[in-house]
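Got some structures for you, see below.
Presented sequentially are two complexes of subunit A, the first with subunit B as partner and the second with subunit C.
So, the complex of A and B:
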């Protein structure tokens, strides 16, 4: 049964230094507020897992939380590079970042295997690519029935999964709708889980295409209104595309990034006082 | 005659390559602009599929990301990410994969991972694979859209993120890749297509005012020219108007 706690408590009770942490969200419902809380609690040496590490992981990498990234696409969607990610990989700043690289199909299937309690998943994928020859968690396998050559990928079993959803009810049951990505699989693959929500309601109303995660399958629920910003929560907010564009400038050099981090994350409070408007590059100089 | 940019010529040419009623797995950026232009013009029943799980999305502005709300709100169905790859892409249900690239080689192999010979000490760290390796493997055919420069059109890519024709004829069959592979590379100078004999990409079309030697100068291999080299017609005023209207609507949407 999910316990409803504050965001700070939820992160404190689940995320330890050195943990493997999957903060999922496929362009929608990205758990930014939770990521900021991890930065404020100064967690270190995390193995960060995510299909599409974008600007929240860029911030966590730049803040020195991570030692390794397991991923399939690391960029600022529609804008370009993640400068903090690149600085870590190319120049080891602020710390070296080990990479374990996959395709989307591979990562999605690794979560499915984890959620299913299986050691690996099978797909038609990777064959002939440089990813296959680099090898971490990728192996050839023959179909036991036909002999066909396929690819096996090892299961992902994160210590903690963190996701953002639209609503939870008072019993901690969670509903998310719109683009739901791989969040259900991430929560079910992990040992512990935190779900931040826009709103806690008396009862959940079924939504078209909605996914309900029963409260007993979740460790902690925390209310974090606007907690996906600058990503969005369908029905509550729209994607702040201006911030994604602005991030390109904020993150480009170490000093500007560090000032932004001090002002907007380290100096901010965990809930309530979150700013809603875009932080433009002009405002941080 | 209406003025147009090389990028507009490229996007219009890519849009023309899509037929009405096709199913199309769309990458973000140039491919998305072209696919949406096709849907706005000659292919109203083009089924746009984004890796975020949106099937049959009908955006009226160009999405900035593959997960913009407009894609979910206008889709016929929104499915999970494991489902879009396992049930929809993997079995070969999708007609055409529309991909961008950072580097492409003479056999249409794509690199979006690292620039430089050493993976661990890259000159440039690129975003990585995303959905492209399996899109390139499993769509019935693939169209690649990117600007043509000597440093992006290389003899062999620094890293094979997604397989085109591998090491040449027979590679795809040996690897067991289901789809036919890349059938066109559409650039800001012209169009390249694979030779049926060598699987190497050759120049089959140039845009008005572009010389074959211009294209060869921007290609990192000894680019051969098809005997049936065509001049691709300039964008029609209606094509340009539709593309510019899409882009203007998107700019407004971003500012709103």
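So, the complex of A and C:
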């Protein structure tokens, strides 16, 4: 059953040094507040997993949290490169970053396999590419029925999945809507999970295209209003495009980045992450 | 009186031509010029195209703008692409003679000189459905004898990869339009943009390019296409900045 706790508690109880951590979200609902909390708790040697790592992983990599990245596309959406990511891969600053590169479909299928309790997924793709020979978790496989040569990709089973959603109810059931990625698969594939939400409501109302994650599939829910910023939460906030542009400048230079990190993350407290149990005496613990 | 077409406008129309004859397929453009191109094709000669917005919507023309006519979130794309009924236009940091594409890294994969964005969908796209490429700066850095990491599969590797719907249609650059219409599917110069000499393209290409005896000039945008681009699809003229 999901327990409703503060963001700091949720991260403290789930994310350990050396863990494999998947923080998912696509364009929308990216769990920035949770990523900042991981940085503040100075977690190290994390294996970060995400289909489309963007600036939250750039910040975590630059802060020295990660030793490896499992991904299929890493960039500042609509802007360009991730400079902290590149500095880590190219110059090992602040720590070497090992890469495990997959295609989008490969990553999505790996999550599905993990969520389904299966050891691998099968897809058409990778064959003929440079990944087929060097990627971890990639192997040739023959179809047992037709003999067709295909690719097997190993299941992703993160220690922790972290996502951001619009709402949870008092029992810890979660609903997200709008543009969604592979949040559901990531949570179901992971051993432990944290869902930050814009708001905790009495009851969830069904939304068109909404995804409901039942409380029994989630470890911890924490309220983090604005927790997707500079990404957004449909119905609650809009995307801060200026920040994505500004990040290009902040992140280019190690010193500028370090100052930004000190001021905006290490020196800050979780924004909007009040402890629900004290704010709502009747809340479920 | 209509102002002369700019290079960017010529490139948008050349990219739009990639989708000619495709009918009702998912048109997935990556980047501004391909996005304008797909929407231009949809508004003119390929009205059946389902144009993705890069996030989760399918765009349809509506007067002076667009409406979202369909909803295709990320995970559902993967169930659609394997049918071959998608034609994507991607970028390329490197391309070789047979259309092998690299968007992953420059230099050794283990310790690259430049870490790029990653292979993204290229390994699946190129074996599952047609793909075209847009290269805003045609040079020997992009058109190389051998790519550092094959992200998208070229013609010389497609058969061995068992690719059922492999097909590289065209490559549009700021200098020319190229295709793979040779017996062994080696890259061929299809047309040069106005004012560009064949020798300019050959000099800016790092491998032997198939050059027909007669190389036509890339067609100019029609008055209707120009009007659509300038007043409806891109009134702020963002297209010209991409080629600045």
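Note that the second predicted complex is superposed on the first by the 272 of 285 C-alpha atoms of A that agree within 3 Å, B and C clash if a C-alpha of one lies under 4 Å from a C-alpha of the other, contacts with A are read in each partner's own complex, and residues count from 1 in each chain.
Throughout what follows, a contact is a pair of C-beta atoms (placed from the backbone, for glycine too) under 8 Å apart; a residue touches a chain by one contact, two chains touch by 3 or more.
Keep in mind it's a predicted model, so treat the numbers as computed, not measured.
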| item | value |
| --- | --- |
| Overlay on subunit A: subunit C relative to subunit B, clash or fit | clash |
| Residue contacts with subunit A in the superposition, subunit B compared against subunit C | B |
| First (subunit B), second (subunit C), both or neither touched by A:123 | both |
| Partner chain(s) touched by A:16 [first = subunit B, second = subunit C, both, neither] | neither |
| Touched partner set for A:232, first subunit B, second subunit C, both or neither | first |
| Subunit B versus subunit C as contact partner of A:41, first or second or both or neither | neither |
| Which superposed partner A:27 touches (first subunit B, second subunit C, both, neither) | both |
| Partner chain(s) touched by A:256 [first = subunit B, second = subunit C, both, neither] | neither |
| Which superposed partner A:73 touches (first subunit B, second subunit C, both, neither) | both |
| On subunit A, positions contacted by subunit B and by subunit C | 26-28, 71-75, 81, 85-86, 89-90, 101-105, 108-109, 123-131, 134, 148-149, 179-182, 185, 209 |
| Of subunit A, residues touching subunit C in the complex | 26-28, 71-75, 81, 85-86, 89-90, 99, 101-106, 108-109, 123-131, 134, 148-150, 179-182, 185, 209 |
| Sites on subunit A touched by subunit B in the complex | 26-28, 51-52, 71-75, 77-79, 81-82, 85-86, 89-90, 101-105, 108-109, 111-112, 123-131, 134, 148-149, 178-182, 184-185, 209, 211, 232, 234, 238-239, 241-242, 244-245 |
| Residues of subunit C defined as touching subunit A within the complex | 55-56, 71, 73-75, 78, 81-82, 102, 104, 109, 111-124, 126-128, 149-153, 157-158, 160-164 |
| Complex interface listing, subunit B residues touching subunit A | 28-29, 51-54, 63-69, 71-73, 77-78, 80-82, 85-86, 89-90, 113, 119, 122, 124-134, 137-138, 159-163, 166, 171, 175-178, 253-255 |
